[in-house]
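Listed next: structures, encoded as structure tokens.
You will see chain A twice below: alongside chain B first, and alongside chain C after that.
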Partner chain A sequence: MSDFGVIVLPVMLASVFLGLAGGLVGSITLLQRRSLFADAISHAAFPGIVLAFLIIGKREMLIMTLGAFLTGVIGAYAVSSITKYSHIKQDAALGIILANFYAFGVVLLGVAQKMPVSFQSGLNNYLVGQIVAVLKNDLWFMTAVSLAVSIIVFLFFKEIQLFIFDKYTLEVLGFKISYLDIGLVFLMVLTVIVGIYTSGVVLVVGSFVIPGAIGRLWSDKFTYMLAIAGFVGAVSGVVGVYISSLAPRLPTGPLIVVVSGIFLLFSLLFASKGGIIKEFILIKSMKRKVTEENIIKHLYLVNEEQLDEGYQQLGVPFTYLLGALSTTPFRLNRSLKRLARKGYITYSDNKAIVLSEKGYEEARGIVRRHRLWETYLFNRLSLPDTHLHDDAEMVEHLLTREDEEVLDKILNFPKFDPHGRKIPREV
Partner chain B sequence: MDDFFGFAGIKKDSRVAIEVHDLTVSYGRRAVLYNVDFEIEEGQLVAVIGPNGAGKTTLLKTMAGMLKPLKGWVKIYGQPPHKRRGWIGYVPQKESVDWEFPATVLDVVMMGTYGHLGWFRRPGKRERDIAFEALREVGIENLADRHISELSGGQQQRTFIARALAQKARVYFMDEPFAGVDARSEEAILSVLDKLKHQGKTVVVVHHDLYTVSKFFDSVILLNLVLIDYGRTSEVMTEENLRRTYGGRIDLVSKIAEIVRSRDE
Partner chain C sequence: MIDIEILLIASLVAVTCSFLGSFLLVRKEVLIADSISHAVLPGIAVAFLLTGQRTTLFVVVGAALAGVIAVVGIDLISRARMIKKDTSMGVIYPFFFAIGVLLVTYYASRIDLDLNCVLFGEILFTVLDRTYLPPTLAAYLGFTDIGPRALWIMLAVFTTVVTVVLLIYKEIKITSFDPSFSRVVGINPYLLYYILVTLVSLSIVAAFEIVGAILVLSFIATPPATAYLITKRSLAAVVVIGSLISLVAVVIGYWWGSFLDLPIAAAMATTSGVIFAAVLFGKKVVESLK
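Let's turn to the complex of A and B:
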């Protein structure tokens, strides 16, 4: 029990609040499109940590954080100066600063490792993160900083929201946006540095931005996005730390990132806003719709003249459709079954396919939209008549009835399309 | 927020809403507005017209207090813009924001109330009511819970205008609120402008369609780096003026500007 109180509780509290703060800051960073910028800062902070250690000669978190802050800010300033005053673009500037500061840090680490073992032990924990190696008092420090960051984001929620979305309007409304600009960078740098102790220089920004991305995938509102990101950050932190405590040699940083990465994978597949499976289903159903509409359109076109002249509709054999639509028999069969279920087609005695009244109306609509679109392209955009058909083949499936009405009105209810074919209308 | 409605600053006969005096504004080395002077009376619907790169947006941003002039000054009801924060409503160009940002239409319109709330304070029921009222004014209250990326161009513009209405300002600056707008939205926006005017608000709009300018706007500012002309629509919308505004290389100033521009590119 005492063991729990002394070691596990501070570790868990630190990982919960750091995860929360990381999720919040990660969301903001993501929306500001500053993820790589944050990554450059975490790498730039590394030499500061080692330098502070070399100067004071012991692991004192407050001093090392100050050192990290100093080189982190220098790195950030260097990136923006290079981008502003030279021809080097931002992506290259980020890469340059990230690599150089990190390399400098590793060199300093090499120097430190020449010193007596007991003296420098644990410094390379900052590369991949090892929360168990953090001293108890330092855990409280990390918890306090994370809590403060979370409270600040909560308090300034509405200002941060408008700042990211439209900062000039925020200015017109009377807010000093320079305060917010500096404040947000400050928050980001601070959270990143504290995060280095658990997740390491290389992975800390990932451990922040992944929860942010998850929040965005499940929500269309800034409030919910932050709440989800904070929650996912905290859960990933706790789970990662717990697994790493089971086998003390496992570094925490990679575990936290792997755990949140699994959440992200799940979200990418199933999320409500931009999840892959949802998109896939949408595309699939669009393809289905196109095939079905093409089938009934063909059934209509085959019969167009007969029907116009008042003759009976002729059934169309399966093989004819197969040739006309360049599809497989299996797919065609499936589409026909669906069309029959919806009541658009029926089968005649000799198994030929016939449009129902409902299917006929639907097909007329498609042909009407096709020909109206061709007329529009021809009359309004002056495309030559050889350029019309392929375009209309696509657009006929996308136009809505409202679009159709607008087109019809613009074109002043034309009777014929540019190829001289009749535009079918409701009677 | 003492003097919330600004009555203290205005004498009864003082009806000048916006005063621009000898204004020169530059971006870096490149001046984009030279020596612009005009006064706009309260309750006017004013169009700003001019070709691309004429400094229309710059003029608007400077009047709204977002850009500092190199020379000259702007006064809104007798005070510099930064002292008139609650009085100014601004509608930026639609392209200036990321419409993928996670926010609903209502969220965006509520942002208009932030100015009167100040730091920390959260919008509550009162602000929701103001936002819904503004949405009704522009006719999209049915879209309140829609994500902003799912709006048409016209609906996005109307969302921005609703946000400006929720600011309850006295002076409005709108940067191309008719760009990429369908006929229905154009109608809705025009009726909002008309209503604002009849409430005694002053509205300055960057606009391109010369037809609607002549039909709906009281005055016109013709701008091409310098002020070509300013006055009542019927008087200044002359062929000569339009040729001078859009014709380009008329006078020395625009020639210099052209050289500077080609050098900077």
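Let's turn to the complex of A and C:
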């Protein structure tokens, strides 16, 4: 029991709150498209850690954090200066700062390794993360910092949300955009540095951004995204640290990243927003809709003139539709069955296909939207009449009834489309 | 003797990296090299486990596949509407690297590649691993030691990279600067991109045990960017000047690194960073004087 209170509890608390803060800050970083910027900062913080160690001669977390913060901020400033004062682009600037600050850190590490062994032991742990190597008091320090970061995000939630999605409103409300920007960068640097002690310089960004990406895949709402990311971050932190305590040889950082990575793989497949399976179903149902609408449209077009002149609707044979729609007999048959179930079509005595009253209304709507769109492109965008049809073929499936009313109004209720065909209307 | 060999190995790494880096620079794809350099680690670890020996050319090719797979993964994930390319790099490479680190530490007894090598490179040790001629040939020629294995692997990769790039130089140029035009003239920009990615991956794997996973990015990103500050005249000029700068960084870095007995590869990388900063600063001074 005392073991639990003395060793396990501080470690668990630190990993929970670090994971939470990481998930929150990771989401914000991801939405600002600064994931790789954060990566460069974590590497830039490395020489600061070693430098602080060299100056005071021992591992003192507060001082090392200050050192890391200093070089991290210098790195961030250097990235923005390079892109500002030269024609070097962001990607190259990030690569240069990341790799060369890290290289400088390795050189300093070489200096540290010349010191007596007791001093430099464990500096490697900052590269891949090893929570077991962190002292108890330092664990409380990390818990406090990550708790503070989480509370700041919570308190300034509205401002951060506006900063990411609607800078203009924020400006109107009287906030200084540049101050908020600097504040967010500081918050990010701080979280990255504290994260280094568990996840290591190389992987700390992964331990942030992966939960952020998971949040993004499950929700369109900023609030939910943050909540999910914070939760996943905390769970991955705890599980990673737990496995690391069972197999102390394995560093903590990679374990946390692999655990959250597995959550990410799962989310990529099954997530409600942009998960691969969900996307697949969406595409499939869209394709179905397009085929069905094309079928009834053809049935309508074949009969358009007869019906206008008050004659009976003619049935259309299966083979005709097959030729007109360039699909396979199997698919066409399936679509026809679905249409029949919905009551859009019926079969005449000689097995020809006939539109029902309901199907006729539906088809007329599609043709109307098609022709309205052509008219719109022709009148408003002055496209030549040879360029109208292909576009309208696609758009007719996407326009809603509301769109249709708006178009009709804008065009002042036209009677004919640019090809001189009648735009069908409700009687 | 050994000094010259180290310098030769480092020069080959530097020139190969800076050569490919120039093309990544103009495509604004420098960071894909960062992703690849981390992502090849599980490939290298698995190759070690399977073959049980240090890097042979066969292992280099196998491990390079891991880098290409990571790039495919990055492309696939960024097709999910919600995730942009930078994020997908930021999630893929830590995931691959994490698996690699776990493999290397878990199978420490079976993988002759410790974490120090992954993180810092072991350029000084590479010269200890020699290549020998087959006995019959050695008896005929009278000597058997033909230099470090790393030197031969680097030489093979360097030759491959330069040959392939020279063969498709025009196509690379077109796809880099004007992907839509390249489609018009019938060049598939994806194919070219993946050829480039494969070459980068090969070079990184070959350079891995020499300079480590992260320092290799310095060799890829810094010299071409420095060259780009000096000249914008042509891609060829960036390639040539970048290679020259990388050689200067290697020599200076080797000099002070070995003088102070510090990690040599990191000293070389730091030097190229300092050269970049000096050129950037000097250019600003010159411009303000005008």
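Just a few scattered comments:
Going forward, the second predicted complex is superposed on the first by the 361 of 427 C-alpha atoms of A that agree within 3 Å, B and C clash if a C-alpha of one lies under 4 Å from a C-alpha of the other, contacts with A are read in each partner's own complex, and residues count from 1 in each chain.
The rule is simple: contacts are C-beta pairs under 8 Å (C-beta built on N, C-alpha and C of every residue); 3 or more make two chains touch, one makes a residue touch a chain.
These figures come from a predicted structure and were not determined experimentally.
By the document's definition of touching, both partners, chain B and chain C, reach A:216. In the superposition on chain A, contact of A:124 is made with chain C only, not with chain B. Residue contacts after overlaying the shared chain place A:282 against neither chain B nor chain C. Note on chain A: of its two partners chain C and chain B, the one contacting more of its residues is C.
By the document's definition of touching, of the two partners only chain B reaches A:156; chain C does not. When the two structures are aligned on the shared chain, A:172 is found in touch with chain B, with no touch to chain C.
After overlaying the two complexes on the shared chain, residue contacts for A:164 are found with chain B alone; chain C is out of touch. Overlap of the chain B and chain C interfaces on chain A comprises residues 216. Of all residues in chain C, only 25, 28-31, 33-34, 38, 77, 80-84, 86-91, 93-95, 97-99, 101-102, 105-106, 108, 115-116, 119-120, 213-215, 217-218, 220-222, 224-225, 228-229, 232, 257, 261-263, 265-267, 269-270, 272-273, 276, 280, 283-284 touch chain A in the complex they form. Interface residues of chain A, counted against chain B in their complex, comprise 31, 155-159, 161-162, 164-166, 168-175, 216, 219-222, 224-225. Residues of chain A that touch chain C in their complex: 30, 33, 35-36, 38-39, 43, 82, 85-89, 91-96, 98-104, 106-107, 109-111, 114, 124, 127-128, 202-203, 205-207, 209-210, 212-213, 216-217, 247, 249-251, 253-255, 257-258, 261, 264, 268, 273-276, 279. Only residues 61, 64-66, 85-86, 88-90, 92, 96-98, 101-104, 107-108, 111-112, 114-115, 117-120, 122-123, 147, 163, 167 of chain B touch chain A when the two sit together in their complex.
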